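Here the structure is laid out as structure tokens; the discussion comes afterwards.
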Amino acid sequence: MSERPPKPPRQECWDRRMELPLAVASLAYLAGYAVRVLARDHLPRLGVDLCVGVVLGAWAVFVTDYVVRLRLSGLHPLRFVRTHLLDTVVLLLPLLRPVRMVALYDRVQRRRGQPRLGLYARVMVYSGLSVSLLGFTAALTVYHHEADAPGATILTFGDSVWWACATLATVGYGDVTPVTPIGRTVAVGLMACGLALLGAVTGSFSSWLIQAFTREDEKPGNGERPPGDFPGAS
Amino acid sequence: MSERPPKPPRQECWDRRMELPLAVASLAYLAGYAVRVLARDHLPRLGVDLCVGVVLGAWAVFVTDYVVRLRLSGLHPLRFVRTHLLDTVVLLLPLLRPVRMVALYDRVQRRRGQPRLGLYARVMVYSGLSVSLLGFTAALTVYHHEADAPGATILTFGDSVWWACATLATVGYGDVTPVTPIGRTVAVGLMACGLALLGAVTGSFSSWLIQAFTREDEKPGNGERPPGDFPGAS
Amino acid sequence: MSERPPKPPRQECWDRRMELPLAVASLAYLAGYAVRVLARDHLPRLGVDLCVGVVLGAWAVFVTDYVVRLRLSGLHPLRFVRTHLLDTVVLLLPLLRPVRMVALYDRVQRRRGQPRLGLYARVMVYSGLSVSLLGFTAALTVYHHEADAPGATILTFGDSVWWACATLATVGYGDVTPVTPIGRTVAVGLMACGLALLGAVTGSFSSWLIQAFTREDEKPGNGERPPGDFPGAS
Amino acid sequence: MSERPPKPPRQECWDRRMELPLAVASLAYLAGYAVRVLARDHLPRLGVDLCVGVVLGAWAVFVTDYVVRLRLSGLHPLRFVRTHLLDTVVLLLPLLRPVRMVALYDRVQRRRGQPRLGLYARVMVYSGLSVSLLGFTAALTVYHHEADAPGATILTFGDSVWWACATLATVGYGDVTPVTPIGRTVAVGLMACGLALLGAVTGSFSSWLIQAFTREDEKPGNGERPPGDFPGAS
């Protein structure tokens, strides 16, 4: 939502042309990984190879896009990495890429001149979509690394989804928890998302209340009772 | 609290006439389900049949209301479903319907010209009522599906209420947790309510503080100490 | 902090005269209960009787004060109960009374004309004091009812304090949890306090940030960078 | 961020001259303690002595600084302790001192005239840095005191970090929890940090949303839809 400096025309052109391929590659990556993880016991040898191929192919698309954008920007590689930190992280952890599609959806809608949603609706839709995608991805990754670990409590994908939900809501029952280093690292990332989600929900409600109060305050015949007293504060 | 476009007069008339029957049916549904679940071991055959009858009868009222409103709106069914998503969800999960009565209470009070509560009091009363109803409903449903499940930790209705409270407050002890798929799905819904409750409490307090600060700021002789320094921030 | 209608002079006089005795009785009640609970195995027969006497005496003071105030108000008893709901609750659960002393402290300080703390400092001091008192009281009560319960995990007063802290912070480890109905009821009350505490902390920080931002916005030479872009929002 | 009264010139001079030594001593203290705790089984006798020496040396620097500042201030010792409460706490718990370096970093940057980050970026960077340092310190301390305790569940430093993360996010799985009094005391402090972190994240998001809404409100051609309706509120 911030205004960046205008990009050079060739870069702009490349970005726009790559939108669709990148979105397809993102979904292919996620789908390939999901099939590989979820159907691992029932997948024939060929299916496994196919999944791995799709995943690697999608990754190749990401790397190509990154390299071309680095070239077009005309920046020194190190400087490019520093100014495009998020892109670099997504390049190394491509499972996070589908989350970027939430921003893409916004950009496409704006270009088509469709009326945008209200601010609160947008915050809710974006945080809802992002959190669902992140939760699914985290559940996949944790299930992948935990299922065969000794002493694991996350034994099925259902357990993993259940754990991800309890973590995102910062409830954290602790009946199933990751035990491997990779699973716990993913869990820490998911906790950070949960904190951000809490911030988004709370912040939305808080700013909506403040605004509703301001509007009520400006109404003329609002004489019965000042609405600003906190109930119970005497 | 938003202003919707005015409804056609016949629909408005139907809505008003159905308010009472729908409220009665909502409570009958909840009561029938509660008796069925809580007294299942002590209920004679006739009592069970009676409960099931009440539940099905209430559901029939909901379906009739939905169909009539669909007709009166003059919209294509699919479009009606899309624009009345919440109504459709409530039709399929009628246990959620009593929560709608919280809004009804507000509408009735407004029509009678009674002085409305202040904004904070309303937010507190509504979120309190909604959360209590949702918590009770979730505790009922979870107890219904968990009590006989193998490996269950929620064995009594008391356990179920205890679990629902810990979930709504996002505390999540984890000493009793659902283990069946249905119980866990209900739990995820309850966690979302807990997040929203947290947002309501936090948002209320936050906007009250902002407003109290603004008021204090406008007082004339407030010279001892600027109230805006965060304690400990040096 | 709200402005109530002025009380009749005799009632005002009674309130002021009872301030000190009520504060002393509150502390005596809490102290008597604490000694009774914490030293129950090492207390001679006489000590137990003394504690019970102090507790009952303090309660008698509360009842007397309530009855006198009911008479002085000139209201119908039922109406008095309805308009003084908080007082009635505190009469039945006198362990909550010390929390009221936090408000007393404010009133005394204001009467003496001492400079009041800033708004944030006051919110922090009051919520800190209230939460400490409530946590201590809840830990006492839970320890009292849990320590001898079959299957209890809260076995020492240390466990009880540890559990109260984890509950107030909405962390909820679940390594020790109440198992008796009374313990769990107290726990639900403590969770509500935890939610309110979270709201106070978050609300304070949020309103402080909004105000700091407004101040920064009004500074003249603030040209380097608009401070309003959320980092990472592109 | 508050404006304090100007300090006497000699004190100002001492503060500036001690900035670097104190920062070095802080890091030396943390490093010495970390090596001592993490490598305790593999450290030769000499290494242990070296670590203890570094830790004690750093502490001596802190004490010297405190005493000199007490003298330069010209205040009565008791009054100095009361007005420099935070400094006194940090003197007794020097592990908290590296956190003060976050504030130092800001002061150095301001003196050099470098453009400061936006308000949100600063809040995020400071709370991120502080929370990382506090979490690491708490994990170290808890591991130090828990690892050999009977009945402990925190057996490795990895467990300790995992527990610290779950505590800071207020998730609190409870699969590993401290059992010793010291470990639990540290845990309560960490929970308070978690609450503050939650407040910072939520407050940032909330104030950003309020500001974004205000800006959107002031735009001229914003006629499609009022952005202030909360989705779902009818």
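The first chain written gets the first letter, and so on, giving A, B, C and D; residue counts start at 1 in each chain.
Here is the rule we use: contacts are C-beta pairs under 8 Å (C-beta built on N, C-alpha and C of every residue); 3 or more make two chains touch, one makes a residue touch a chain.
Computed from a predicted structure; not experimentally measured.
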Problem set entry | Cα-superposition angle relating the copies subunit D and subunit A, to nearest 5° | 90
Exercise. In terms of residue numbering, is the interface formed by subunit A and subunit B classified as same (over half shared) or different (under half shared)?
Worked result: different
Exercise. From subunit A, which chain is the farthest off, judged by mean CA positions?
Worked result: C
Problem set entry | Distance from the mean Cα position of subunit C to that of subunit B, given in whole angstrom | 28
For this session: Could you list the positions in subunit B whose residues touch two or more of the other chains?
Result: 1, 170-174, 198, 202-208, 210, 212, 229-230
For this session: Work through the pairs of chains, note which ones touch, and then classify the graph as line, ring, star, complete or other.
Result: complete
Seminar exercise, completed: The residues of subunit D that touch subunit C in their complex are 1, 115-121, 123-124, 167, 170-174, 177, 181, 184, 187-188, 191-192, 194-196, 198-200, 202-208, 210-212, 215
Seminar exercise, completed: Listed in rising order, the residues of subunit A that touch subunit C in the complex are 1-2, 4, 86, 103, 170-174, 202-203, 206, 229-230, 232-234
For this session: In the complex, go through subunit C and note every residue touching subunit D.
Result: 158, 162, 165-166, 169-175, 197-198, 201-210, 212-213, 216, 224-231
